[in-house]
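Mind having a look at this structure? Questions to follow.
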Amino acid sequence: MGVEFIYPEFEVVRNYDRCIACRVCERQCANEVHFYSEERGVMISDEAKCVDCQRCVSLCPTRALKIVKSDSTLRENANWQNDTIKEIYKQANSGGVLLSSMGNPKPLPVYWDKILINASQVTNPPIDPLREPMETQVFLGKKPSRIERGKDGKIKCELPPQIALSLPVMFSAMSYGSISYNAHASLARAATELGILYNTGEGGLHEDFYKYGKNTVVQVASGRFGVHEDYLNAGAAIEIKMGQGAKPGIGGHLPGAKIVGDVSRTRMIPERSDAISPAPHHDIYSIEDLRQLVFSLKEATQYKKPVIVKVAAVHNIAAIASGIARSGADVIAIDGFRGGTGAAPTRIRDNVGIPVELALAAVDKRLRDEGIRGNVSLVVGGSIRSAADVIKAVALGADACYVATAALLALGCHLCRTCQSGKCNWGIATQRPDLVKRLNPDIGSARLVNLMTAWRHEIMEIMGGMGINSIEALRGNRLMLRGVGLNEKELEILGISHAGE
Amino acid sequence: MKRVYVNEEWCLGCHLCEYNCAYANSGLKDMVVALKDKKIFPRIRVEGEDRITFAVSCRHCTDPICVKSCIAGAISKRDGVVRIDRNKCVGCLTCVLVCPYGALAPGEDGIMQKCELCLDNACGAPACVTGCPNRAIVYEERSETQ
Amino acid sequence: MRIPSGCAIAAVISRTGRRMTGGAIMEAMKPMHDRSNGLGGGFAGYGIYPDYKDFYAFHMFFDCRDTRKKCEAFLKESFEVVKGELIPTRKMPEITDEPIIWRYFVTPLRSVLADLQLDEKEFVARTVMKINVEMNGAYVFSSGKNMGTFKAVGFPEDVGVFYRLDEYEGYSWTAHGRYPTNTPGWWGGAHPFTLLDYSVVHNGEISSYDANRRYIEMFGYKCTLQTDTEVITYILDYLIRRQGLTLTEAASVIAAPFWSTIENTTNSYEKEKLRYLRTVFPSLLITGPFSIVLGFDGGLMALNDRLKLRSMVVGEKDDRVFIASEEAAIRVMEPDAEKIWAPSGGEPVIVTLKEGAF
Amino acid sequence: MKRYVMIGGGVAAVGCIEGIRSLDREGEITVISEEDHPVYSRPLISYLLEGKTDTERMKYRPDGFYKENGCRVFYGRRAVSVDAVSHSVALDDGAKTAYDKLCVAAGSRPFVPPFEGLDTVKYKFSFMTLDDALALDAALFESARVLIVGAGLIGLKCAEGIRDRVGSITVCDLADRVLSSILDADCAAVVQKHLEQNGIAFMLGDTVQRFEGSRACMKSGVAVDFDLLVLAVGVWANSELVKNAGGEVNRGILVDKKMMTTLDGVYAAGDCAEGYDAALGARRVLAILPNAYMQGNTAGVNMAGGEQEFGNAVPMNSIGFFGLHIMTAGVYDGEMFEDAETGSIRRLFVKDGRLAGFILIGGTDRAGIYTSLIREKTPLDTVDFDLTKKVASNLIFSQEIRRKKFGGVV
């Protein structure tokens, strides 16, 4: 109180004419915002605890609740905005680094929204996906640069290991620990049903999910949590996580409170110990070290698993990617600065990294200029929000996209951005059993399948409009894109023309 | 036949099923009018505490002992659905005494009421199922062996 | 800027290697007049330079005499030029603004090839790219052996007359009439497009263009003209000459069967091969409508896009095989043509000379 | 085509008819009903007097029941003898009915002790049948002083049923407590207190020595003046027909778990039968309605050629007085566990690791869970017994058991 007081960010607005005091809101709020007053016979709220996750709003049977942004304001100041001032207060109160979750919420440019897609008219027929086959399958991995023939003249058809996807989307890395067992179960089951892959993140693979191995990317991060030979061989591909778009240059930190039971066993670390991944891999201080890790992993898996190297989009991403493309890696995953996280220092999340659109364009061009685009596939993530974003990414040069926030939204996430609290009311970013059970994987996986099915329909629709009936003919097809409101430099980096050209 | 099944693994203990049941059987069009400032007498009840919760309503047993035991002959089974004739019931609670599932309880008037699958109210399908936010209650066909 | 276009194509080949004048193919284009708009027409003839069959025949446009001189000097640095001459033309009102049109019969100098450790064809191809990209005002529009392309701004039947094609004899001919919807009206933009002895006439507009272009350019090709046909020519050169694919295999890359079709293929090697080629060359899949005729040393290949979004028919008579956008064109060449059929999408029709026929 | 005959037209007979019809749609069924009413619920007669039901709603089955089940009914006819050799039943009008399978569901009759001077009482009633109730109903008047002899289920339900319609009610019983057959002393005291609070007077441990017109002279020396006398001392099973035909009887007609008597083709069910009591582990008469139906039903299935045993019958009662509910089941044997709160009693009796019986007064929610523990002889180490002691809840079961109960077809 006093100098430490910060006015609550949200207000709980309860329509008492509608409230039947069923107490669903009370039972469903892990933040303990709502309670029933026996004396007054009504529900009341402590809004200081509200994070605006919308759980109570969603479950209230009489729609008696809404959460609004508090209109209690500090004096307006274009330079010292409300949030900035409050962050100062918080730091003055605590002396600590501010933590945040999910992706960068700042009003920085979203290039996807400044790129428009082409369609066929007259000279070239659009294709109707309801009547004609429309192919969205992609194969990620190194492509041989020369066709070899045997003595009999037949082509030798051995390919380096490939990842087959029914559509150019994968669920990106979210560790078991940062998200719940049921969230993982939903992702794994949906990926299997869809014929795509999900990603373990750096928390290891729960033994129950080995059966989804064909649709799993197993991640190896700097903390090496849960990494062992069976784990490496369990998935369809291995991902070396070098960095994350939400927090380039730093490692992860899963608080000990989330390291309980199966999480601790799966990570192979003691219960309640903080899981801290170092900023670098301590065996990778240069590109040649990366090459050694890539080949160690390939050795451990008899060269049967493609290796993905995931990096955050940073300033010299093109050169980094060129290095990775020559490291033996099969796929490069680039995570843009808008990518989500279960917890990251706010300053880093909001100020470090570059937009994935520009990173992708630069990397794709660089690899082509060097003639090594076929060495690797490119996967991009960091706020791919819709089928249109996927189309644009593929046309810019991506082989596939990584999707996480959209998947979480499908599971019920309302982007309250307080994953770090571990009290996710939607059963996603929590390990509390009473909260975890709120996410029924039957529902979760079905919703993920719905979402991706919808995206696939949209992708096919848009492709058909362009007169393209296979996704590979879209990859790198930048003529299908035009910029709006972009300057010369941006257009040059994106490698696209301005609308009207 | 279709029955209501409960999977406690997904029950959140939110008690919405009780409110949806009470509303569905109120005959009123507005939930607020039906339930505001009233004690509810739902035909499905959430049991349990903290970690384990589950909803219980009539199992519509293959061989329902309540039907055999009702001293007023008020409970019968037709088309697989165990129903109660509230007009005949005198509220002796013998059915409570015999039901191995604890699935019956009196209504506000002391007369017994029970889940009749919302077949006769405006919902047409069990309101507890429709309103369950986590599919802990389902209405489906299952075989004896399942 | 890429130029979308519609078009008319026609081709004929004698499987026995019997030489035919360019007259018939010129006639064939007449009934398809409406498929062109006068902004480009062209022909390719194979077997037309028997006397110089061991030399690469460079057909070139120059904007002025200086460019020509500069180019000749450049060529002589690495080639033996056995003959250089103006290509004979007829002056006619339908064809105007012609550039300087020359041909050279050349062969790369052994010493140069040895220095560069390059295969002869690769060196020739690179030279063509270099001239076309770097030498302003000079453009090589034909570079194969014992074959030649003839193209101009105008209707194809006029272009044939202009180049006096009735005076050439070849065992196969392809022809093209162009209907670009937007054009700088430049002679180099007409079809056929060629590289070495590959020539392509094409009707269609491919939607995969930039995906194909950006991929093929990784291998030294430069698409200077922004037309679909150019990129198709380079893709076929890349697949056939540089990767050593057969014509059928190349066709299964650019008009790849659908995955479902591949999965239903019964022959296991065939299935494995199709799957392999599609996985290895995804960026060379051509989508959108096209019908093309590829001319090469000793044969023709006709191919439709896999949905068959453009018309193309094939007919036969004795030793000759005819291909055209419309049956009418075939009937002009041979009123008694038999076995007229429309090949299905993605199914290549390959006609080659009989062993030793030419 | 089989010929089935029921002696009696009550609930046991209905159970028997429905049991037969579950297997045999064709056989000929004859019902000999001494009462001149279609089947009705006898336990509802007190509610009838109380005004909570009426004769229409008291019908145990819809009007078309007999017709739909193809039954021939002789109303107001009494069976006078059974010839177990020739398989026939003689009626009071001299007619004979042959049977292939016979079910004796003759019920019971009030036991009337030979009180001295009982014949001097002008207004005296039994309280068992609808006719009893209708007669009493006709006699009630606002200032009436009623003496009820017998503080058992019948007497007390009668008291509840007529309380608002008479001036005073006194209940006497030789036993020192109310509901002595189903309650122990503590529980009886609670119930008695509740009844007294609701205006019923008791004279317990006392009995009528003689009647003198409208006065009862009690053994204790007290004299009670009354206007109406209700005799609710107890009942006798109607077992004579079987006994006379050579069948074995004890307090009731002895039957096995299939409800078969010792006579060939003759079954018995309901209040007249003495079947197996799973709680007691021996045979006894369980004169309660659910039992009558289930016995009748079992008899019916077996008569029609099916195979069914009724082996888990237990005594149980659910009874309420003026809003206070009492539920009991089983036997009060073994170790007692009590969980008493204000106004409610919960007593569980545990023997050999199984629930033997219980008494609940007040909190009766989900009592059927307890009853099923008795009926199923569930070992108590397989449930959460500490919780069981406090509340009847499905939470006492393991998750696996609950999965079967609520996720399976039951």
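Letters A, B, C and D mark the chains as written, and numbering starts fresh at 1 in each.
The rule is short, and it goes like this: a residue touches a chain if its C-beta (ideal position, glycine included) is under 8 Å from a C-beta of that chain, and two chains touch if they have at least 3 such contacts.
Here the structure is a predicted model, which is why all the values come from computation and not from measurement.
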Pair joined by more contacting C-beta pairs (A-B or A-C) | A-C
Any idea how many Å lie between the Cα centroids of chain A and chain B?
-> 43
Cα-centroid distance, chain A relative to chain D, in whole angstrom | 69
Chain C to chain D: how many Å between their CA centres?
-> 104
Cα-centroid distance, chain A relative to chain C, in whole angstrom | 47
Chain pairs that touch, by label, are A-B, A-C, B-D
Which of the residues in chain C come into contact with chain A in the complex?
-> 1-2, 4-6, 181, 204-205, 207-212, 214-215, 217-219, 243-245, 249, 256, 258-260, 269, 272-273, 275-277, 279-283, 285-289, 306-307, 309
Residues of chain A touching chain C in the complex = 120, 123-125, 127, 132-133, 135, 137-139, 143-144, 146-147, 149, 154-155, 157, 159, 162, 368, 371, 373-374, 397, 466-470, 472-480, 501
Over in the complex, which chain D residues touch chain B? Could you list them?
-> 15, 41, 43-44, 47, 52-53, 57-61, 289-290, 293-294, 297, 316-320, 325, 327, 329, 364-369, 371-372, 375-376, 392-395, 399, 402-403, 405-410
Using the touch rule from the top, collect the residues of chain B that touch chain D in their complex.
-> 3, 5-8, 47-49, 52, 54, 56, 59, 61-62, 65, 68-69, 71-73, 87-88, 90-102, 104-105, 142-144, 146
Chain A - residues contacting chain B, complex = 17-24, 27-28, 41, 58-59, 61-62, 433-434, 437-440, 442-443
